[in-house]
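Here come two complexes built around chain A, the first alongside chain B, the second alongside chain C.
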Partner chain A sequence: MDIPSTIAGIILLLVIVGATYFLVGAGMMFYALIGVIVGGLLIAFGVHFVPVGGAPAAMGQAPGIATGVAMLAAGAGLAGLFGGAWAAEQGLVVAVITGAVGGGLMMAITCMFVTFIYVFGMGIPCASGKVAKDPITGDTQTEYKSQGTEGHGLPFVSYVGGVIGGLLGGGGGTLIYIMLLDVYKEALPGMMKALPAQVLPIAVSLAGIFAVGMFLVNAVLTAYNITGTIEGPHDPKFKRFPRALVASAVASALCGMVAILIVAM
Partner chain B sequence: MESIVFGIGITALAGALATVAGAAENTESDIGSQGDPNSQVQLAPQMGYIHRIFNKAIAGEPPAYGLWVALGAGLAWAFMAMQINPILAIVLGSALAVFVQGVYATTAYLGRIASLSKFGQPVFIDVLKSMTTVTMAHAFVAIFTTVTICHLINAALGHPFPLPLLGLVWGIALGAAGSATGNPFYGKERQYQTQKFGAGVPIAASGNIVRYAEAGERNSLDNGWFSAKLGGPASGLCFGLIVFLELWRTVIFEKIGAGWGAIVVGIIIILVFTVIDRYIEVWARKNYGPYGEPAKEGS
Partner chain C sequence: MTVKVEVVEGGIPHNTIMAAGLVASVIFIYLTYANVLTGTQLFSFFGGLAAVAAITWGSHTIKHLCSYGIGTGVPSAGMMAFGSGVIAMLFATKFGVASPIVAVVLAAIIGAVLGFLSNNVLNMRIPVMIQSLTEMAIIGALVLMGFAAMISGSFEFNPLTAGSVTILGLSLPSYQASFIGSSLIAVAFMLGGIAVQHPFNACLGPNWTQDRMLTLAQECGFLSMITAAVMSMVFLSFSAALVSVIVALVGWYYTYTKYIELSKRDAAAWLDAKPIPELEGH
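What follows is the complex of A and B.
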């Protein structure tokens, strides 16, 4: 990690958190900002687990899922957010876990179909290009790589990584949504001089669109950290995650501050 | 009890619509060559292989479908607010969104191909005329079915998100599922049909895509015909299962244990898919065998 940039990032984070504290005080809105930052961190960390092979994976030249990092993570995370938002009335813990399971479910089904297409559609077994043995199953990988490629398909560790990425992304997205929903439900009736039931659709829409936006901010930020493709938690690129967490905390804090201040001031 | 039966019916209908949506989305993106395999369509002229494949990959499938489905859902929502019948409103909203897709496809093809002019790649106006409408037709099916799912989830199952936001969420999920499942089949099996079956494309072969068909030059309609045989249906099943299982576990089990029922069922489903995935992986290792074995395997 680049120490000066990390320190600068942490100082920036503290300045944003301090400014929000100064503007809104130590109430529910301040805790919502902390929740938004934690949600952003979960998303950024989760995206590192998702095995993304990009264009080379579409030709069976590299392992992973044949699409972009931010694309796939957003698909899974938003499917999780959908489930989490539905369960919002059941309380924070149940909603966040429901969102996490929704994201994990989307990734589990997608990853299974990726393996299905590789094996039954293309006749290609799964092989990692980064490790000699699968860290979970112990299966050897090198002899299953076809000539002139870096591996192909989803070895089991990549599948597990995909599901973990979906779980973290779905949970993080839902946490951001619920934190912002609470803020808007509290602040909008007074601001618009209307009954809580009347502003609920506006609060839900606003929190939903901010959660989607912040999800994409964190997913794209992490995609830059990964630079292209990653096989999953066993990939050497996975070790880069600390710097993405610092960047994500700063970005989430800034987005969260804007999302909160539009109703606080 | 009645509400549960109603919920199951809506869930089944949404799952069926999602299956159609996934299949149409993948076929549309393969005809338009919008997924990751398009890197090869873009690369081919630079390696000296002039082709007649459509090329509209200026955005990934998930954000593109996020835009089109959110647009269709937003317009349908506006028409419904004008007291227009929901079915008509969804058809009108989807049709207008498809025009945006058509403009996108046209400008993307012209821009993408014109950028290759220095490598001698011409812009084929007949390709533009014959393929754009076919991608638009497939896009209409994908957008209409997805907006209908969103309307069912919102109006019949009571999800709190408004229709346009649901359109954005499920449009992105549709693109993600379709591109993840269908891309390798189009990229490896179709663009590199001349390469050996059962092995990845060697990196040295990059750009040498198949450019000739049974008669004349291959075009993107041939690619749509091919990927509709497996890549499309598999993408459809993938997205259909995602929508169906996500709704099913919520509609039936949400009331059990104050929300924990749906969580436990979700975890069980994840474990079931994990077992299936592992079974397929081991099956392939046993039946296909390693590439690196010496000559007695005949490899």
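What follows is the complex of A and C.
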């Protein structure tokens, strides 16, 4: 961890939060920024759990789901976001939990079919290369691991990690969406001089596209942190998550400030 | 992971492409302002050309960044560009005529912060990281603004959010029938995001050539422009949308044939395999 840069990042975060407080005051908009930052942190932490395998996994030479973080985040996280958006009228807690369940469900289905294809399509067993025993089931891994590979397939712990990552990512994305939606529903009628029901499509669309943008920024920053691939929560790379949290908090704060100022200025 | 695996040999230097892309894109976006000055919608197609210019520049920036082996796959760079670009672009639309300039400046600030975070906080240590992510955010903002200007005829916040629907010959204001209200911005997001990351993803490798990748980038840009032109029929007059479709189709056909030619030039050998072989005697 690069200490001076991390401190500079934290100072930047405080400056952005302070500037927003100075510009919009301690109202709903300021709490929305805090919500956006929390949502960004959930996404960044969640992506660390997801078993991202990349191209080596597609060739059966490394464990994980055979695609990149950007695709997995767009698939699982946005599925959760859309699920949560349906429940937006039920209140914050219900919507965030619905989003989390949507993301977790999407990852569970993805992991299941990935395992089907690995086992029955490619004919490879699931074995981790990073640990000798599966931390959850206690199954030994080395006997099943082919020589010259880093493991292959999707071990049980990676499956569980994927579902946890989907839960956190879906919940975080929905939190960002709900926070921005509340701000826009409140501020847009006055700004555009129209009835709240008339500007609702604008509020939903703006909050949705901002949530998608922030989701992708946070997911790609986390992908940079794990240099593209990770096996799941048992991977040594998982321990790098503190610096991703710092980066994600700063990025979410900056993007959230711009997204809130669009109606505050 | 700071080993540079490929070098740019010969061809146009990156800074020239960057300057040309930036200037061309901003000028083309401003040319759509002729709509307001002349009171027609015929100049909307310049927005699509702005997007093509920015996408061409973007593919070379991705080449510049991803030749260091960042390990996350080429598409992630495109997603990062549009994730940060959309935020800058939507905020900038509030500034009226100055929108494109504000979009460039704001996107540069967001991109530079993201570059600092990736390079220093996340310890990527790639020499071109900050510059590339700054460029990517500007590209994302310019492509989206270009498509917005092309589809709705304007790049300002009010025309982008307000439309009208005609019911029984009566024209009623409707916020749902607008570029942002109908979420067409999400379609523009993906049209641009895929067009910007595809060229390098398709052309990378030991026999990468610059002109082939840039031609493919233009081809992808025009392909997205065709879709955007079709969508613009909802908001623009039929003649204006038709001009956009024709410009996009002509541009796509020209760049596509040129790309096929360049692919044949770079290939070791090629065989014109017909998709469905005609069998005789059956």
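Here are a few things to note about the model shown:
The rule is short, and it goes like this: the second predicted complex is superposed on the first by the 265 of 265 C-alpha atoms of A that agree within 3 Å, B and C clash if a C-alpha of one lies under 4 Å from a C-alpha of the other, contacts with A are read in each partner's own complex, and residues count from 1 in each chain.
As a working rule, a residue touches a chain if its C-beta (ideal position, glycine included) is under 8 Å from a C-beta of that chain, and two chains touch if they have at least 3 such contacts.
Worth saying up front: this structure is predicted, and the values here are computed from it rather than measured.
Overlay on chain A: chain B and chain C clash in the combined arrangement.
For chain A, the partner with contacts to more residues, out of chain B and chain C, is B.
In the overlay built on the shared chain, the residue A:208 is in contact with chain B and with chain C.
Shared-chain residue A:114: touches chain B; no touch with chain C. Contact with neither chain B nor chain C is seen for A:96 once the two complexes are overlaid on the shared chain.
In the superposition on chain A, contact is made by A:54 with both chain B and chain C.
Contacts of A:179 after superposition: neither chain B nor chain C is touched.
Of the two partner chains placed by superposition, chain B and chain C are both touched by A:71.
In the superposition on chain A, A:246 makes contact with chain C only, not with chain B. Put simply, chain A uses residues 54-55, 68, 71, 74, 201, 204-205, 208-209, 212 to touch chain B in one complex and chain C in the other.
Note for the complex: chain A touches chain B at residues 54-61, 65-68, 71-72, 74-76, 78-79, 81-83, 85-88, 90-91, 94-95, 97-98, 101-102, 104-106, 108-126, 137, 139, 142-156, 159-160, 163, 201, 204-205, 208-209, 212. Listed in rising order, the residues of chain C touching chain A in the complex are 1, 70-73, 75-80, 82-88, 90-91, 94, 106, 110, 113-114, 116-118, 120-124, 158, 161-162, 174-176, 178, 180-183, 185-186, 189. Chain A makes touch with chain C in their complex at residues 1-2, 5-6, 8-9, 12, 54-55, 68-71, 74, 192, 194, 198-199, 201-202, 204-206, 208-210, 212-217, 219-221, 223-225, 227-229, 243-244, 246-247, 250-251, 254-255, 258-259, 261-262, 265. Of all the residues in chain B, the ones that touch chain A in their complex are 35-37, 39-40, 60-63, 159-162, 165-166, 168-170, 172-173, 175-177, 179-189, 191-192, 197-206, 230-231, 234-235, 237-238, 241-242, 245-246, 249-250, 254, 258-260, 262-263, 266-267, 269-270, 273-274, 276-278, 280-281, 283-285, 288, 290-293.
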